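So, here's a batch of structures to check.
First chain A sits with chain B, and in the next complex the same chain sits with chain C.
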Partner chain A sequence: MADYILRRLIYMLITLFAVASILFLMFRMLPGDATLQVISPAMDEAVQQRMKAAFGLDKPLLQQYFIYLKNLVTMEWGRSFVTAQEVTAIVSYRFWNTLLLMVSGLCMTLTLGIGLGIIMAWKRNSPLDIGGTVVGLIFQAAPPFITGLLLLMTLSYRLGLFPTGGMYPAGARPDSIFGLLLMPAFWERIVLPTFTVGMYYLATPLLVMRDSMLEVLGSDYIELARAKGLKSSVIMFRHAARNALLGVVTLASILVGFAVGGQVVVESLFSWPGMGQLMVESAASHDYPVAQGTFLMLAILVIGLNFITDILYSYLDPRIKVSAEGISR
Partner chain B sequence: MTTKIKDSLFKPLKKIVVEQYGIITSNRMGVIGLSFLLFFLIVAIFAPWLAPHDPWEMMYDVNEEFASLRSPSWEFPLGTTHLGYDLFSQLILATRTTLLIGSVSGAISILIGANIGLIAGYYGGKIDELLMRFTDILYGMPFLPFIIVLISLFGRHLEFIILAIVLIIWRTSARVIRAQTISIKQRQFIAAAKARGCSDFRIIYRHILPNVMPLLLLYAAFNIAWSIITEASTSFLGFGDGDTISWGGMLYELFLSGKTRVAWWWFAAPSICIILLVISLVLISRAYEEVANPRLRKR
Partner chain C sequence: MSNNRVLRVKNLNVRYQTQQGPVHAVNDVSFDVFQDEVFGIAGESGCGKSTLIRALMRLLPDSAEVTANEITLSGQNLESMPERRFREEVLWSKMSLVPQSAMNSLNPVYRVGNQIMEAIQAHSSKTNAQARERTAHLFDIVGLQPDLMDNYPHEFSGGMRQRAMIAMSLALDPGLIIMDEPTTGLDVLVQERILRRIREIREEISSSIILITHDIAVIAEMSDRIAVMYGGYFMEQATAIDLFETPSHPYTLGLKNAFPSIRRKGQELISIPGSPPTLIGECKGCPFWERCPFSVEHCSNETPAIEKLAQYHEVRCFRHKDTPQLRELASKKGTWLSLD
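For the complex of A and B:
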C-alpha cells in the first residue's frame, strides 16, 4: 500500500511539473506575445530594453524557464498587470471560495444521486424511475450556464427569492472563513450556484448507482437475504447499496475533474469570487501573470484531487490495485 | 495495390455503416435521437435559404416602428433582441456554426484519440508508456481553463476554437480505445493474423479497428456532444468568434445586454436547441451502449 501511494505521488509530481512546463511554453511561444501587453512597441527602444531586462526577458529562453520553475516553487508568481497585486495573494483568497462551492456542489450531486439511484432501482420501471432518468439526462444535456440562467430568471429576478450573485452583500466582507459561514447572506447566495453545479453532474452518479444496484440485486446473497425474510428496505440500504457504492467511487475522480470545469461557468454567471471567475476575467483582460497563476492553481487542484480519489479507491477496493495498473494508466 | 488498400478499407467501412445504422435504429431512443440530429443537420445545410432576414439587420415592423425586444409574433416568430435583430434568423444560422464546430472537432478528436489508443494498445511497452503518460498530463489540465487560455492567446476565430477543443478532448477516447485494443489484441484471431504474416498496419486497421468500431462511434458521439457544450460555454463566457453566430454566443449577447429580466424568448430558443441537440446525441450513444459493451461506463 505504501509503495502504491509513493508511486502515485511521484506520478503526481511529474504530471505537475509537465503541466507547469507546458504552461510556460504556452505563454512564451504562442503568437499573441504576452509581453506586448506591458512593453508597448511604441515606447523608446532604450526603455523597451530596460523593461525587458527588468522582467528578465533579455535572458535566453532556457534560463528564463529555470527562473520560472524556481519562482513557482518559492511561490513568487509575479504581480498582476492590472492591479499590481501579488498573484499568490489574489489566488489564495480565491482558492477557498472555489473549494467551498465545489464541495457543496459535489455533496449535493453525490447524496442526491446515490439516494435517488437506490430508490429508482428499488422501484424499477415506476414513474419515479423513468422520471428520474429523464430529469437527470435533461440537466446533463443542459450546459450549467443554461440551468443557472433559468434559475436566475425565475427564482431571483421574477420571484425575488434569492440574491442574484456574489458571495456576501457588497461592503460586508467577512474577516475570516468562520465569519463567512456564520452569515445568513452567504447561505442565501450559495444555494443557486450549488444547485446549478449539482444538477449538471447528477445524471452520472444517479444512473451508475441505479445500474449497479440492479446488478447487485440479481446476485445470490440478496436472494438469500430475501429468503431469510428480511425487510426489503433493510436489504436495499444495508446489503445491496454498500456493494453498489463502489461503482460510484470510481466515478468520483472523473466527476472531480469535470467539476473544476463547470466551476468556471457557474462562478462567472453568479459573480462568485473564485478562481474560475478570475480565470475568465484575467484571460479576457490579458492579465497574463494572473491567468497563469490561476491556471496553475486549478491544475494543482485537479491533479491533487485525482490523486486523493485514486488512493481512496485502492483503499476501498483492494482488488483494484492489481487491475488499476492496467486501467488507470 | 491501391485497389487492394481500397478494398481492405472501404468494403468493411460500408459494412460498418450499414451495421451501425442497424444498431441505432434497433433502439427506439436511438431513432428519436437520429431524427432530431438529421433535422438539425438539414437546418444547418440550408440555413442561408431558411433564414428570413439578415441576422445583424435592425428590424422595423409593418408600422415602420423600430422592433426592439419584441416577444414572439407572426412577424418575428422568435422575437427580437434589444438591437432589433431577428432571433429566428440568428437561431437558424447559429445551427450551422454549432454543428460545424461539433462535427469537425468531434471527427478530428476521435481520429487522434482512436489512433493513439490503437497504437498504444497494440504495441505496448515503451510506445504505450510514452503515449499514455502524455495523455495523463493532459488529464492534469483543467478542461475549460485550458481552452480559454488557448483561445485568448491564439485569437477568437472559429478555427482556433476548434483547435483548442480538439487539443484536449481526445484524451478520453484515447484511454478507452487503448483499453479495448489491449483486450482484443489477446484474442486468437490476432495471433492467427500474425502467424499468416500480416503487417502491423493491417492487423491494427483491418482486424482490431472493426472490433473497436462501436466503441469508437460511441465516443465520437460523446466528443461531438462535449464539443458542442464546450463551444457554447466558451461563447457564453465571451470567448466565441465575433464574426459568426452560435447558440452560446446568442446567450452571451443576452447576458451582456442585461435584458435577462424581460426577454425570456431570447433565452428560450437557443437554450432549447442546445439541450435538444445534446440529448439527441446522448440518445444515439445510449443505443450503442446497450448493444456494444455494457462495461463502457468506466471512462
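For the complex of A and C:
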C-alpha cells in the first residue's frame, strides 16, 4: 500500500511539473507581450533595459525557465501587476474559498448521485427511476449560468430566502477558515452555488451508479448473496453498491477536472471570492502573475483531488494491490 | 439409501416470458431426494438444469413463472412459505448451493473467509470468533489452509475458489446441498481432486447432494441415482447401476452409445445427430422426437407420460415396453446415422 501511495505521489509530482512547464510556455507564447503591462515602450530605452534585467527577462529562455521552476518551489510567485500584492498571498486566500465550494459541490453531486443511483437501480423502471433520470439530464443540459441565475432571481431576489452572493456579509470578514466555518452567514451563502454546480454535474455519477448497480446486480456473486439468504438491504448495500461504487470513484477523478469549468461560472455569478473569479478578473485586467498563479493553483487542486480519489479507489478495490502480495496454489 | 426423504418435488414447471414467446425451461419434473444420497441430474447445455434449481431456491428473475403441485424440504412445504421465512429458515441453513459459476461467485471486494462467516452469521447468533473458528474448520475440510481465510478471491486459483464455495455450502450443515456443475471450467487434474474431495466429504457429513453436470462420466462416478434431463423434461430416472446396465429411454441409449466408456472424463453429452429443442413456444409431443430413431406417429403430437419400470426406475417414452429391442438396435451404428 505504502508502495502504491509513493508511486502515485511521484506521478502527481511529474504531472505538476508538466503543468508548470506548459504554463511557462503558454504565458510566453500568448499573443501580445505580457511585459507591456509593466515595461511601457514609452519609457526611456535604458530604463526599459534595466527593468528587463531586473525581471530577468534579458536571460536566455532556458535559464528563465529554471529560475521560474526554482521560484515556484520556493513559493516566490511574484507580485500582482495591479495591486502589487504577493501572488501567493492572494491565491492562497482564494484557494480555500474555491476548495470549500468545490468540495461541497462535489460532495453534493456524489452523495446524491450515488444514493439516488442505488435506489433507482433497486426500483428499476419505477416513476422514481424515470423521474431521477429526467431531472439529472435536465440539470445537465441547462448551463449552470442559467440555473444559477434562475435560483438567484427566484430564491434570493424574489423570495429573499438566500443572500444574493459573496461568502460572508460585507465587512464581516472572518480572520481564519475556522472562523468562516463557524459563521451561519457563510452556510447560508454556500447553499445556492453548491446546488448550482452540484445539480449540473449530478447526471453523470447518477447514471453511472445506476448502470453499474444494474450490471452488478446481474452478477454471479449477487445471485450467491441471495442464495445465502441475506436481507435485500444487505445485498443492495454491502454487496452490490460497494462494487458499483468502484465505477463512480473512477469517474470522480474525471469529474474533478470538469468541476473547474462550472466553478469559474458559479464563482463569478455568486460573487464567490475564489480562484475561478480571480482567474476571470486577472485575465481581464492582464494581471499575468496572478493569472499564472491561479492556473497553477487550480492545477494543484485538481491533481491533488485526483490523488485522493486514486488512494480511495485502491482502498475500495483490493485487486489494486495485487502486485505486492501473491498466492501460490 | 435410506428411505428418509429430504426433498420431494412434484410436477414442477417453469416458464420464462421472453420477447420471442414463453420459454418452457422446466416441464412436469417430479423427483425425490433421500437422505445421504447423491442425486445426479445429467443433461445437455440449455436443457433446464440450472432453471430447475433456481426455482427450488427462488432465485429466478421476475420473468419466470413457477408452478408445482408440491415442493417439500424436510417435511416443510416450501411453496406456500412466505418470502421472509424462506430466506431466514430455508436458504443456506437447510438448502445451500455451489453455483455453476463458482469461480465468479465470490464477491471480489471482500475476504473469502469473511464471506463464509457472513453466511454463518446470517443464520445463527455465532460471535465473530465462533464463526471464524467454524470457517477455519470448513477450510480444513475442503483442503484449504485455514490461514488463507483472510485472502481476497483474486488471490485464489480457480480450484481454490471452488473449494471455498464448497466450504461455504457446508457452513450450516444443510440437509441438502445443490452443486451446479461444480467442476466445469477447471482443468482435468483439479477437477479430479475436487471430485475426490467431495466424495470424502460425503463420508463425513449427512447432507444429501443434488449434483448437476453435463459430464456423464462424473455423474456415473458420483451419484446414487440419476435423472436424465432433455428439453426441460426428466426423460429417465434410475439408480446409477440400473441406468448404465438397463438404460431404457432412447435418449439415454443414444448417450450411452456415444460414450462406450463412461470412465473417460471431460466429454460432453452431444453426440446424437441434430440439436436439442429451443424450448420456445408451446411444446408439443415428445421433445426428443425429431432426433429419435425409434419415434412412432403420435410421438410428434402427444407428450408421453412417465412409466414406472421398477422401483426408482422411470422413463418417459411411448415405447417403454420395447426397450430390450431398442437397446439392441441402439447399439448398432446405423440406427443413429440413418437420421438426417
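Observations on the model:
In the analysis below, the second predicted complex is superposed on the first by the 296 of 329 C-alpha atoms of A that agree within 3 Å, B and C clash if a C-alpha of one lies under 4 Å from a C-alpha of the other, contacts with A are read in each partner's own complex, and residues count from 1 in each chain.
Assume a contact is a pair of C-beta atoms (placed from the backbone, for glycine too) under 8 Å apart; a residue touches a chain by one contact, two chains touch by 3 or more.
Fair warning: this is a prediction, and the values are worked out from it, not measured in the lab.
Of the two partner chains placed by the overlay, neither chain B nor chain C lies in contact with A:169.
In the superposed model, A:142 makes contact with chain B only, not with chain C.
In the superposition on chain A, A:131 makes contact with neither chain B nor chain C.
When chain B and chain C are set side by side, the one touching more residues of chain A is B. Judged by the touch definition given at the top, the superposed model places A:179 against neither chain B nor chain C. Residues 326-327, 329 of chain A touch chain B in one complex and chain C in the other.
Chain B makes touch with chain A in their complex at residues 132-133, 136-137, 139-146, 148-150, 152-155, 179, 182, 225, 229, 232-233, 236-239, 248, 251, 255, 260-261, 264, 267, 271, 274-275, 278-279, 282, 297-299. Of all residues in chain A, those touching chain B in their complex are 11, 14-16, 18-19, 22, 26-27, 30-32, 34, 137-138, 140-146, 149-150, 152-153, 157, 208, 211, 247, 250-251, 254, 257-258, 260-261, 264-265, 268-269, 276, 279-280, 283-284, 286, 291, 294-295, 298-299, 301-303, 306, 326-327, 329.
Per the touch definition, chain A reaches chain C in the complex via residues 219-221, 223-231, 234, 239, 242-243, 246, 316-319, 322, 325-327, 329. Residues of chain C touching chain A in their complex: 57, 59, 87-88, 90-93, 96-97, 99, 101, 104-109, 118-119, 122-123, 148, 151-152, 154-157, 159-160, 168.
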